[in-house]
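Take a look at the following structure, please.
Per-chain residue numbering starts at 1, and chain names A, B and C are given in the order in which the chains are listed.
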Amino acid sequence: MSVPAVDRPPPSTFSTARAILRKDLAIELRTKESVPAMTLFTVTVFVLFHFGLDRDTLEGDLASGVLWVTLLLAAVIGVSRLFATERDQGGIDGLLLAPVDRTALWIAKATALFLYLTAVELVAVPAFAILLLGPDLLPALPVLALLLVAVNIGVAAIGALVSALAAETRAHELIVPLMLLPLVVPLLIAAASATEPLLRGDQGAEDLLRWLGLLTLYDVVFVLIAAAVFDFLLDD
Amino acid sequence: MDGAQPAVELKGVERRYGERVALARVTVTLPRGQTLAVLGPNGAGKTTLLRILATLLRPHEGTARVLGCELPDEAWRARGSVGYLGHDPLLYRELTGRENLVYHARLHGLIGGRRVPSEPPDEESARPRLHDSSSSVADGYARVDEALAAVGMDRRADGPVRELSKGMVQRLAVARATLHRPELLLLDEPRANLDPAGAEALEPLIGRASGRTRVLVTHDVEGGLAEADLALGLRAGRQAFCRPAAEVDPAEARRLYR
Amino acid sequence: MFSRGIKPLAIATAVMTAVSLGLVFFYAPLDADQGFIQKIFYVHVPLAIVALCGFVAGGIMGVIHLRTGDRSWDARSYVAIHMSIILGVAVLVTGALWAKAAWGHWWLWDEPVLVSFLVVFLLYCVYYPLRFSIEDPERQARYSSVFAIAAGAFVPINFAAVRMAEAFTHPRVLSQTGGSMPGEMRLTFIACLVAVTLLFVTLWKFELTAKNASAQLNRLRRALEPEGVS
């Protein structure tokens, strides 16, 4: 059994993931299809909640719930579109033909989704503070930022997997929300519960550690699982 | 490079699509440096065969070896040495031609690849033999420039692909497929959308003149037979004939289409 | 290949079901507050436990399928999930009936098992459209297994999360699903749990055998088709 002479080492998983991520970010910057839509969506939903709840300000559990539910619904848009360029333009054959570790695709897509969510939140959270939030946001900000990062990791990990799972199905735009939203319920529970005291104007970080623990557990489990099974989706 | 091993060795290869048989019991051996023409009507399994050779699909039955690597277990080893030009150019329309090629160069380790010989991506046991492990970034970009010039796209490489004509896209696709200097070329109607000047310009890259082992799927019966050493006829997934091209009468080949 | 032991299992199921029903109607104590309707508990909770285990088992079978490439494990996973979904409908219906009869509301957010079950059920409902919109059978099996694995891991995490949430907002109203039960209740409960488990396994084997037989029939039919038909 001979080995084809390869005049260069195959790229590492990390450099492959970086190459894919660069490509995706370049396309997103040029087409601006995902992030602006997600951001606009969150602001629109805040307005809807104003009318729907007939409230000028929210605080405590109501504020917490509106904020997190809106962010998660926006995430659905991002997840739906994550493999859009691959679906429209030549599939992932280009990647499958290369001597690369295919888990790099999951890493790249999850990272891209994390970045998109962060970008959206940089606008959405201030918008929320301006439009709907009663108490002052600033004291709550450090902990809120931590919660956002933890939630984004979980959503990115599971979202990239869900997006790939749904990519080949016929009704993928319907399947993505139906699959993603139940899966992020634990994240919502933890984040909303932890945020509630922050948005009541107390500094109380009661049970924060417990909720962070749940978020960490979720993130670790689903990062590991998604990374482990993703390969099987690409293997024909 | 081991010259004795055939480039392609298929024995009884079968591929199903649900209940339907896409390819059944295909057996062909292609020595290195030669060209195999695959003929047959639409739906005969030509594209399926090509995709199996490209390691995009795994054979359901039979044995398949590409460049000495057994599929599907050693597919990862063959990937760096196979160039696939299918119906889809595999180019991102929002990126420029150059950006697309740079991306593919990165995927093949031509740019930003590791300098140190290391484990293969899936951590299989044996390592690929490495002749020269110093692939510097500059080299990779130079390769991209070279490839663009070779297909005559060096001056149109910096606009988005969606603004290019089909012929130009096809040229870029050829550049993409040959960028990593593959030993085996898998070509699915490579001259589609090309004008005679374009087809001629690409001869040294993907034609007989390239000296590479080639598997060529084409509807041009006479042309295909003329530039091939071996001819494989497929019909409804089954092998109608597999003989040296010189011994195949074009009329017989055309009967496949009836 | 799946029907090994199916006869003794079926007999055991019939026996245990009869025994459990007997215990429920004649042995278990009548609840002072809720009356006879409380006995739905003996059906509702075992169904929920078995369904949740069925989902997790489906995930484990998915892992085996991906590791071995043996599609019979995907079949096992599919049937386990399929049956757990059906059991899931029963869980939700009996849960609602019990809640209405006992506390006057059709739904209770206080009971973590029921609530987390609803979320899990909603997730697994997507299994069918996902699976059946993929035409290539190999890919269908692989994607289904990936889903089964992610969803199976989700079940315990979701349960923990919902439980944590309820612990802080509402004190546990229903202590029957975990708390100490008097001897007669416990015996009846365990008997019902065993009966439902046996029922699940027996039906699982039945369905797998039936699917296997029809798959074999299809294969024979295909093999008998005349060659060269394009």
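Here, a contact is a pair of C-beta atoms (placed from the backbone, for glycine too) under 8 Å apart; a residue touches a chain by one contact, two chains touch by 3 or more.
What you see is a predicted model; the values in this text were computed from it and never measured.
K.L.:
Measuring from the mean of all protein Cα atoms shown, which chain centre lies nearest?
P.N.:
When every chain is reduced to its C-alpha mean, the one closest to the whole-protein mean is A.
K.L.:
State the pair with the higher C-beta contact count; candidates are A-B and B-C.
P.N.:
More C-beta contacts join the chains of A-B.
K.L.:
Centre-to-centre on C-alpha atoms, which chain is most distant from subunit C?
P.N.:
Relative to subunit C, the chain with the farthest C-alpha centre is B.
K.L.:
Averaged over CA atoms, how far is the centre of subunit A from the centre of subunit C? Could you give it in whole Å?
P.N.:
The mean C-alpha positions of subunit A and subunit C differ by 31 Å.
K.L.:
Using the average of all C-alpha atoms in each chain as its centre, how far is it in Å between subunit A and subunit B?
P.N.:
The computed centroid separation for subunit A versus subunit B comes out at 37 Å.
K.L.:
Using CA atom averages as chain centres, what separation in Å is found between subunit B and subunit C?
P.N.:
That gives a centre separation of 49 Å.
K.L.:
Residue numbers in subunit C touching 2 or more other chains?
P.N.:
none
K.L.:
Where does subunit A touch two or more other chains at once, residue-wise?
P.N.:
235-236 - these are the residues of subunit A that touch more than one other chain.
K.L.:
Would you tell me which residues of subunit A are touching subunit C in their complex?
P.N.:
158, 161, 165-166, 168-171, 174-175, 178-179, 182-183, 185-186, 189-190, 193, 207, 210-211, 214, 217-218, 221-222, 225-226, 229, 232-233, 235-236
K.L.:
Where on subunit B is subunit C touching in the complex?
P.N.:
Contact set of subunit B toward subunit C: 17-19, 235-236, 238.
K.L.:
Note which residues of subunit B are touching subunit A in the complex, please.
P.N.:
Answer in residue numbers: 1-2, 5, 54-58, 67-70, 76-82, 84, 86, 88-95, 99, 103-104, 106-110, 112-118, 120-122, 126, 128-133, 135, 160, 176, 181, 183.
K.L.:
Going by the contact rule set out above, which residues of subunit C touch subunit B in the complex?
P.N.:
135-137, 218, 222, 228-230
K.L.:
Quick check on the complex: what are the subunit A residues that touch subunit B?
P.N.:
Result: residues 1-13, 15-16, 18-19, 22-23, 26-27, 30-31, 85, 89-91, 93-101, 235-236 of subunit A touch subunit B.
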